[in-house]
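Once you've had a glance at the structure underneath, I'll fire off some questions.
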Amino acid sequence: MSDYSRDEMMTVAAARMLWNGCVCFVGIGLPSAACNLARLTHAPDLVLIYESGTIGTRPTVLPLSIGDGELAETAACVVPLPDIFSDYLQAGRVDVGFLGAAQIDRLGNLNSTVIGPYAKPRTRLPGAGGAPEIAAHAKQVFIVMKASPRSFVTALDFQTSGGHFEGRSKSGARGGGPAVVVTDVGILKPQASGEFALAAAYPGIPADEARAAIGWKLAIAPQPETIAAPTAVELAALRALQARTAAAHREPVRLPIQ
Amino acid sequence: MTEILPLSEAIARHVPDGASVALEGFTHLIPFAAGHELIRQGRRDLHLIRMTPDLIYDQLIGMGAARRLTFSWGGNPGVGSLHRLRDAVEKDWPRPLEIDEHSHAGMAAAYRAGAARLPFGLLRGYIGTDLPAHNPNIRRIHCPYTGEELATVPALNPDVTILHAQRADRHGNVAIEGIIGAQREAALAARFLIVTVEEIVNELPPAMNGVLLPHFVVGAVSHCPAGAWPSYAQGRYARDNDFYLRWDDIARDRGRFSEWMRRHVQGTADHRAFIQSLRRAAA
Amino acid sequence: MTEILPLSEAIARHVPDGASVALEGFTHLIPFAAGHELIRQGRRDLHLIRMTPDLIYDQLIGMGAARRLTFSWGGNPGVGSLHRLRDAVEKDWPRPLEIDEHSHAGMAAAYRAGAARLPFGLLRGYIGTDLPAHNPNIRRIHCPYTGEELATVPALNPDVTILHAQRADRHGNVAIEGIIGAQREAALAARFLIVTVEEIVNELPPAMNGVLLPHFVVGAVSHCPAGAWPSYAQGRYARDNDFYLRWDDIARDRGRFSEWMRRHVQGTADHRAFIQSLRRAAA
Amino acid sequence: MSDYSRDEMMTVAAARMLWNGCVCFVGIGLPSAACNLARLTHAPDLVLIYESGTIGTRPTVLPLSIGDGELAETAACVVPLPDIFSDYLQAGRVDVGFLGAAQIDRLGNLNSTVIGPYAKPRTRLPGAGGAPEIAAHAKQVFIVMKASPRSFVTALDFQTSGGHFEGRSKSGARGGGPAVVVTDVGILKPQASGEFALAAAYPGIPADEARAAIGWKLAIAPQPETIAAPTAVELAALRALQARTAAAHREPVRLPIQ
């Protein structure tokens, strides 16, 4: 399969990391696409939890928001949001949590709060949402972010959620922290020090291109892998999902008002 | 006794300037019509509380109705920034906005504590984050059994919580179906609860294990079809994703935002007129 | 992966001697068949946990299976005493029983903390009662915001929780309808969860806001029709109030109790045989 | 109406104290009969909460247990038991809670735990159940107990729940404590000191009979009332309810097993 985008490569790479039966705490956007692609291909019994309260969701189209009606209608059940955070995430029942952010540092700490000082930010970002507790309590965290030196930085403006920060083991965090950072230029994994290094390359994207996109001095893991290009089956499933999604979201909204 | 009355009266009687107000609904059943009515009536100095401020708080903040915001994620879901929220925080426009910022888990614990009338909520949270360094409301206590340290948040007990729901009956019982986010907790945490509904029926059937807010926790019910638009009501109408996208453009510019609010919200008498005004503009 | 297997195997594999075990169900869906299987397999030194011990714990205690009991109300509902429980506490027969005694509100908070994997539960409770003077597990902490004193209970995290429910599917998802007491919390608090069900179906329909325990929290499911008798299963069969009355006579006398248990529980292979044995005795 | 039992008088007297719209936390037995009688006569919008989790229950027959199926089927909704105790009782939403016990003292403190020492009781009673928190947090508590010197005692063997005990106002209790003790020989109400005195007599039951049945030196309230005998309407409603209940409970249980 020669003709695919870098977004498609990222999505497929992330999807392949999910195993059948895996319990995923899913965010909107690429994580949702990756999880549903996995569910529609090699992992039919993947369990999707959206923080809005849907458990075991099996949408036929991708949601645009974290709480679309499609998620509720196809869920095994819908529970109150506080239950999701206390009885599922905090209780250690989530195998994989997905996170993205505006900034990441070499230890996988993330910033989605502010650029500039907190009290008077240059750019106010949306904020934490579920991130601090996903980062702490999911058994593994998969980070998905497009790489650029502005995002992959040596020092965060604000630490919204924790990666392999010093003292993690005594912090009360129950999960293992970020296991991988899936980018559009390759896949980073933490080394013994907790620092993320290039662990796998995509076809046709040399390590130098990855290095140029990462703000810290990116190390190369011993024996880096090369990821296979998306298969025809994967691409077809992903594109069909996206086409169904686009069609569904074109349907006009009918309001019960004259 | 639950009052059943027009939305404008419910807001006029029960939401004074300076009140702490939670308009809850996680993506689903966001009480937009009630938020617009707060704007129409020119409320000021509100302490707005909501996990995900969404467009409705972008509007309230942009209109200068808010003094303080308690929240955990302030974006336009799947689209990007809330430009009015950003403008208030970054540039104090139209007025400065105090921030009481949490994680979702923290807000959920705070609402739950409020619902139970406990003074604080407890969670194993705020780990590896700078939030506690900037929010003195986030504290720690030690477990009296294991000695381990846990995070606490003060209970949220809004003066008024406003929800939107599918149905109420004439007694004031309210039935909700679908994604409920922290609506139940926010409702039970309130000192006064207002619910706008798609439909008022004579009697609701027994809900068995469904979500029902019994009439004695509901202060006022207002009939307001499409009251969640551009959010949605499960089983009634879908989310208007297109409007969420368009809002990005409307809200990006102070002038365009103000003109839109003046024309469609301040310039209309009620939610029906608001929807009709938007339809005329689109035609 | 949820195991779907006969009740005898589920108990044999997952409930060792000495385990802490919660058979929950508040009047409704009490897992009697599972309790009887514990007796058939001769379990010893169990730490039994249950808000309302009911007849099933009277039987387990009378058979000497329990070392310790955590509970909040130990009677025969609407009838009177649990004579075997009384005999154990008052006269150490057939063996002494340690007591960890709470109020309903305290047990509920302890289960909820267990479900959330918090080390303790918090309540405004145990006020004006001598219970804390006799139970060192009930402690007090101060609110980090208001300074007021609140009660705490240690989280309950049973080694095994056993429930009875109406339906499971082949994946192990479990659907419950009707009164659920603290079943959901006890299930989520457990290290391992066994559910006996009236029926196993291929697929459960989406539950929307109904009560469903997703398969990844369910360790084992066993098909066991009438498994809640003499308790009941909403929509399937009613509570056998007459048996609750008759139990008062059976359990009042050590000899009569032992003979009844020998004949109907220990002398039968499984729950179906148990029900048939009782029918023969009544005929 | 001349022909009625003392139990019927108690039940009717308790029922009359409930007002339309009142939110009652109901126990099994006489409180359940009184509440449902009130609902079927003068207070059709009485809200019944049973601790099993049913809210707004409207049973046509009386439940024998606190969690009968009839309660769930006729409820406005069924919620988890922990919610009942935290979000309804503790939150102060219950107007009237009912309690009974094996022992009561002059301040309305109750014992339903043990007779004799706690560690080695002569009689082990069922225990607290919901009582401590009902006694603390219901806005008012109605106590219903048959009077006898063994039950109405000068000193409890164990205090399971609190009445007008010393320090109540600073204890964290949110409710007003016991407002009334309905007995079969008359109705007691707390005086300024918190001590229960005879405040109302039933027709044909002299104060001396009440005094003889109470273990402490029973005071007579200033200006005691006399309660009217049950009306024909009340007795008919109560007896019909009990007849329906008896008939319903005679139906054999059919099990899904051969």
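To keep things simple, chains are lettered A, B, C and D as they appear, and every chain counts its residues starting from 1.
Throughout what follows, a contact is a pair of C-beta atoms (placed from the backbone, for glycine too) under 8 Å apart; a residue touches a chain by one contact, two chains touch by 3 or more.
Note that this is a predicted model, so its numbers are computed, not measured.
Here the chain-to-chain distance from subunit A to subunit D, counted in touching steps, is 2. Of all chains, the one whose CA centroid is most distant from that of subunit A is D.
If each chain is reduced to the centroid of its CA atoms, subunit A and subunit B end up 27 Å from each other.
Centroid to centroid, with C-alpha atoms defining each point, subunit A and subunit C lie 40 Å apart. Among the residues of subunit D, those in touch with two or more other chains are 72-73, 78, 86, 90, 174.
Contact of a single residue of subunit C with at least two other chains is seen at positions 117-118, 123-124, 148, 150, 178, 180, 208-211. Annotation, chain-chain contacts: A-B, A-C, B-C, B-D, C-D (touch as defined at the top). Chain contact summary for the complex, subunit D toward subunit B: residues 21, 23, 45, 47, 55-56, 72-78, 86-87, 90-93, 174. Across the interface of their complex, subunit C is touched by residues 28-29, 51-54, 64-69, 71-73, 78, 80-82, 85-86, 89-90, 109, 113, 118-133, 135-137, 158-163, 165, 168, 171-174, 249, 251, 253-258 of subunit D. Residues of subunit B touching subunit D in their complex: 1, 115-118, 171, 173, 188, 204, 206-212, 214, 216-217. Put simply, subunit C touches subunit D in their complex at residues 26-28, 51-52, 71-75, 77-78, 81-82, 85-86, 89-90, 101-105, 108-109, 111-112, 123-131, 134, 148-150, 178-182, 184-185, 198, 225-226, 229-230, 232, 234, 236-242, 244, 271-272, 275.
Contact residues on subunit C toward subunit B in their complex (touch as defined above): 117-120, 122-124, 139-141, 143-146, 148, 150, 152, 154, 176-178, 180, 208-211.
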